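The following pair of complexes shares a single chain, subunit A, combined with subunit B in the former and subunit C in the latter.
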Partner chain A sequence: MTSARRSIAIGVLLLVAALVPLVAGDYYVNLLSQMMIAALLAASLNLLVGYAGLTSLGHASFLGVAAYSSAWLNLHSGLGPLASAPLALLGTLLVAAVFGWIALRASGLGFLMLTLALSQVLWGLAYRWVGVTEGDNGLRGLTRPQPLGLDLDSAAAFYWMALLVVTIALGLIALLVRSPFGAALRGTRDQPRRMSALGYDVWLIRWLTFVMAGFWAGVAGVLYIWYHQYIHPSSLSLQASAEVLLAVIAGGAGTLAGPVVGAVVVVFLKNFVSSYVERWNMLLGIVFLLIVLFLPEGLVPGVKRLLTRLRSGALRP
Partner chain B sequence: MFAQLGNANFVVIQTLNSLALGGLLFLLAAGFSLIFGLMRIANLTHGSLFMLGAYLGVTLLSLGVPNLWLAALLAGLATALMGGLFERLVLRRLPGNSQGQVLVTLGVSFIVADLCLMLWGGDPIPIATPAFLRAPLQVAGFVFPTYRLAVIVLAVIVGIGLHALIERTRLGAMIRAGVDDPQMARAVGIPVSRLFTVVFCLGAGIAGAGGVIGGPILSAYAGLDADMLPLALIVVILGGVGSLVGAFVGSFIIGFIYTFGTALLPDLAYVILFLPMIIVIAFRPTGLFGRMSA
Partner chain C sequence: MATDALQISAIDVLYGDSHILHEVSLSLREGTVLGLLGRNGAGKTTSINAIIGFLPPRAGAILLHGERIDHRTPEAIARLGVGLVPQGRRIFPSLSVRDNLLVAANARGQSPRWQLPSVYELFPRLRERERQLGGLLSGGEQQMLAIGRALMGNPRMLLLDEPSEGLAPLIVTELGHTIARLKAEGLSIVLVEQNLTLALGLADDVVILNTGRVVHQGPAAALRSSDAVITQHLGVV
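Now for the complex of A and B:
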């Protein structure tokens, strides 16, 4: 696709997305809001998995830290949901900075194990530190913000706000990936030693990416707490982190559209299919197996390749 | 809060609890570490195998298996078989793709967790302590729970057995060669891929038997896998991957930190687990006894 055609396609898609609440019922609008939040979370993890080649199994932590700190500030400090957001994001940045420093002492499987262990520690903390997190009850009694006096309580209003925030965030992530920094990042994924020899600080590039990935996951976390007005430790669990990773891999790691498509598929499966089949965990596991064994590159690159083959006539008899 | 540390009885009991948890962690971490060291696979089903072992133990005992040790042996054989089949049928399809392998083990761990929930329900099922270990041991005015002592002894025996297997036998020599340099080991005619299956079975079997042995202390419950896996991971990160001695020492360190942390600062026990990890990672990224970095 040429870049002009791509821009037109994205413009049309956004226009259609903006018009959805005018025709669709609240149930579908809310489902789409959840999909957008999941898409931002997946896109942030994709910075690590797809562009840095670092598979993290603890990415839900950052959503959780942002959501919990925003909720706590909201409940205990007298700050409104909007005013507590920057502080929550700052907290998430700090946690990401520390976690990144620890996890990036290793790469490959070691990185994966460290992110998993660190996120499980946070999950355990959310369960046990009852004085702050209310443990298994979770934090409740929250409200949505009212930016500029706009009421976000209706499904449509929240949807438009989320669409705006997520579009801007995804745009900035796309800009980052295409910038010289993004090129250097892909370099550290493919040829870390060569990049090192060329004078790039591989560790610093990875660490900055980790912190940025944590930040955007934090933004998703703030949207999450505004949407649900409730947070429970399960949002930081291994399942939650695995769902995000599945979205990235199912859609196609290292592509801009992949995580968005993957997040749509995962949220759809979770909300829609699991209302008929009760066993979401089993389904999650089976989808994992099927994707890894039969579609390891993900949906977006897979479909793209199929289209190219169709166009070049390779499938014609 | 820390006044309890002055209470000799508290310290003795918690020390014993720490050692018993350390022993159980070792049964879990030893296999995880060996599998990781030889196959470069982070086997995230390891916690599930531990939980599955515990549930199988429950069922075996209710079916009339006369004692816990036999139940542990049978459950261990069953999980070893399952581990072997999983390695042969699934992991084999992804040679050299370590990320794909981890994701597959993750997917299977969710499936196993859900199957256990379906078969055994959501309520914790206790496993009875063997009758002859029920009476507490009284020495010098202190009361020792006998079963925990037995667990510690058993873990030490398993540790010595594994150590002898790895260091003193031909099979062990081949495993060590495979851990140190798989290509070279293959080149000199060691059947590395058959070793993979052997080690996977061994690790899975010890984990499953460990679940039964841990039953009287932890009982079998949904979520046991998610509770044990991170502890085992931290043990392996701390001790160094592929190192049996590391897994042994790491298990007891984490057993102590976790038990005393939970008793003294129940809210923050998990944060205390950070500390050894950060210290080791900062100064010795290969772990205390590891030769290769994870």
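Now for the complex of A and C:
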């Protein structure tokens, strides 16, 4: 697809997305809001998994840190939800900087285990530090912000706000991966020794990427707390981190659209299908299995490959 | 006396407990080509890895234009002006040809000699394929890209590790012309080669390694007429 056609397609998609609340009921609008938050979280993890080649199993931590700190500030410091957000993001940045410094002492499986261990520390804190997090009860009694006097309590208003924030965030992530820094990042994934021999500090590139991934997960965390107005330790559990990793891999790591599609599939199965099927986790497992078996590169690149083969007439029955 | 572009003094290099290079010494004069020859496993690539900083020597010294570099990191050595064309090319398969080149330029900023247009002028085929992914190029094109990528960093010294490996004879001839042109421009080059014709045709000086030791060192012209040395150390005539 040429860049002009791609821009038109994105424009049409955004226009259709903006019109959805005018025709769809609140349930579906809320479902789409959740999908957008999950898509941003997945896109942030994709910076690590897809572009840096670093598989993290603790990425939900950053969503949790941002959501918890935003909620705590909102409840205890007298700051409104909007004023709490930048402080929460700053806190998330600092946590990501420290976690990245620790986790990037290893790569491959070691990196994955370190991210898992660090996220478990935070999960444990969320459960046990009852004085701050209220443990298993979670933090409640929160409100949504009212930017410029706009009331975000309605499903449609929140949806439009989330659409705006997520579109900007995804646009900035797209700019990053297409920038010279993005090319260098992919270079460190493909040939780290070669990047060193070209004068790059591979560790620094990975660390900066880790911090940026943490930041965007934090933005997803702020949207998450605004949407749910409640936070529980399960939001930064191993299962939450595994789900977002699943979304990235299922959709297609290392592509811009892949994690968005993967997140949509996971949220759909988790929220919509679970209304009809009790064991939605099993269904998610089967769907993931089918994707790995038949489209191992992920849904977006896999479907693209099949379409290319169809167009060239090479697909045999 | 002018400082050598590269001077290696009695380095010992080990892979774990395996002693690979034993007191290897050699020097590369400014603006010349040094042919680093030897059979498989002689220690040629290990020498390159020691120069670029992947395998710091346990003993001895490596000097680049008189400055010690043997305990610097690979990125620091690269920033001092050492360009590497690694064995097997090792281009970035998921980046376009253009991005493969720009990544190398970004490392050390803009410089007047080697930029995209000048690399495209040296390798017109890369311009034709600039939007293609690196992994989809032919072997010869990948070698051009690997050399172009090293040049984009505007090195003072170029390390070429078996650049003719796996290439068709016609492409090897083209490659020889390119290296000769770079030499004529004053670039100092260490050329690791198994292709003796190519290496002796380009080199000013030659060092032959055997099981990690220097067994012959001298002008290339002398080696060209010395079948006995070639047979003894390289096993070919």
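By definition in this document, the second predicted complex is superposed on the first by the 299 of 317 C-alpha atoms of A that agree within 3 Å, B and C clash if a C-alpha of one lies under 4 Å from a C-alpha of the other, contacts with A are read in each partner's own complex, and residues count from 1 in each chain.
Definition applied: contacts are C-beta pairs under 8 Å (C-beta built on N, C-alpha and C of every residue); 3 or more make two chains touch, one makes a residue touch a chain.
These numbers were taken from a predicted model, which means no experiment stands behind them.
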Which superposed partner A:245 touches (first subunit B, second subunit C, both, neither): first
Subunit A residues touched by each partner, larger count belonging to subunit B or subunit C: B
Which superposed partner A:84 touches (first subunit B, second subunit C, both, neither): neither
Partner chain in contact with A:201 - subunit B first, subunit C second, else both or neither: second
First, second, both or neither for A:57, with subunit B first and subunit C second: first
Which superposed partner A:74 touches (first subunit B, second subunit C, both, neither): neither
Touch list for subunit C against partner subunit A, complex: 52-54, 73-75, 78-79, 84, 86, 90-95, 99, 102-104, 106-108, 149, 153
Subunit A partner contacts - residues on subunit B that touch it in the complex: 36, 40, 42, 44, 90, 93-94, 97-100, 102-104, 106-111, 113-115, 117-118, 226, 229-230, 233-234, 236-237, 241, 266-271, 273-274, 277-278, 281-282, 285, 293-294
Complex contacts: residues of subunit A adjacent to subunit C: 180, 183-184, 186-187, 189-191, 193-202, 254
Contact footprint of subunit B on subunit A as seen in their complex: 55, 57, 102, 105-106, 108-110, 112-114, 116-118, 120-122, 124-125, 128-131, 237-239, 242, 245, 249, 279, 281-282, 284-289, 291-293, 296
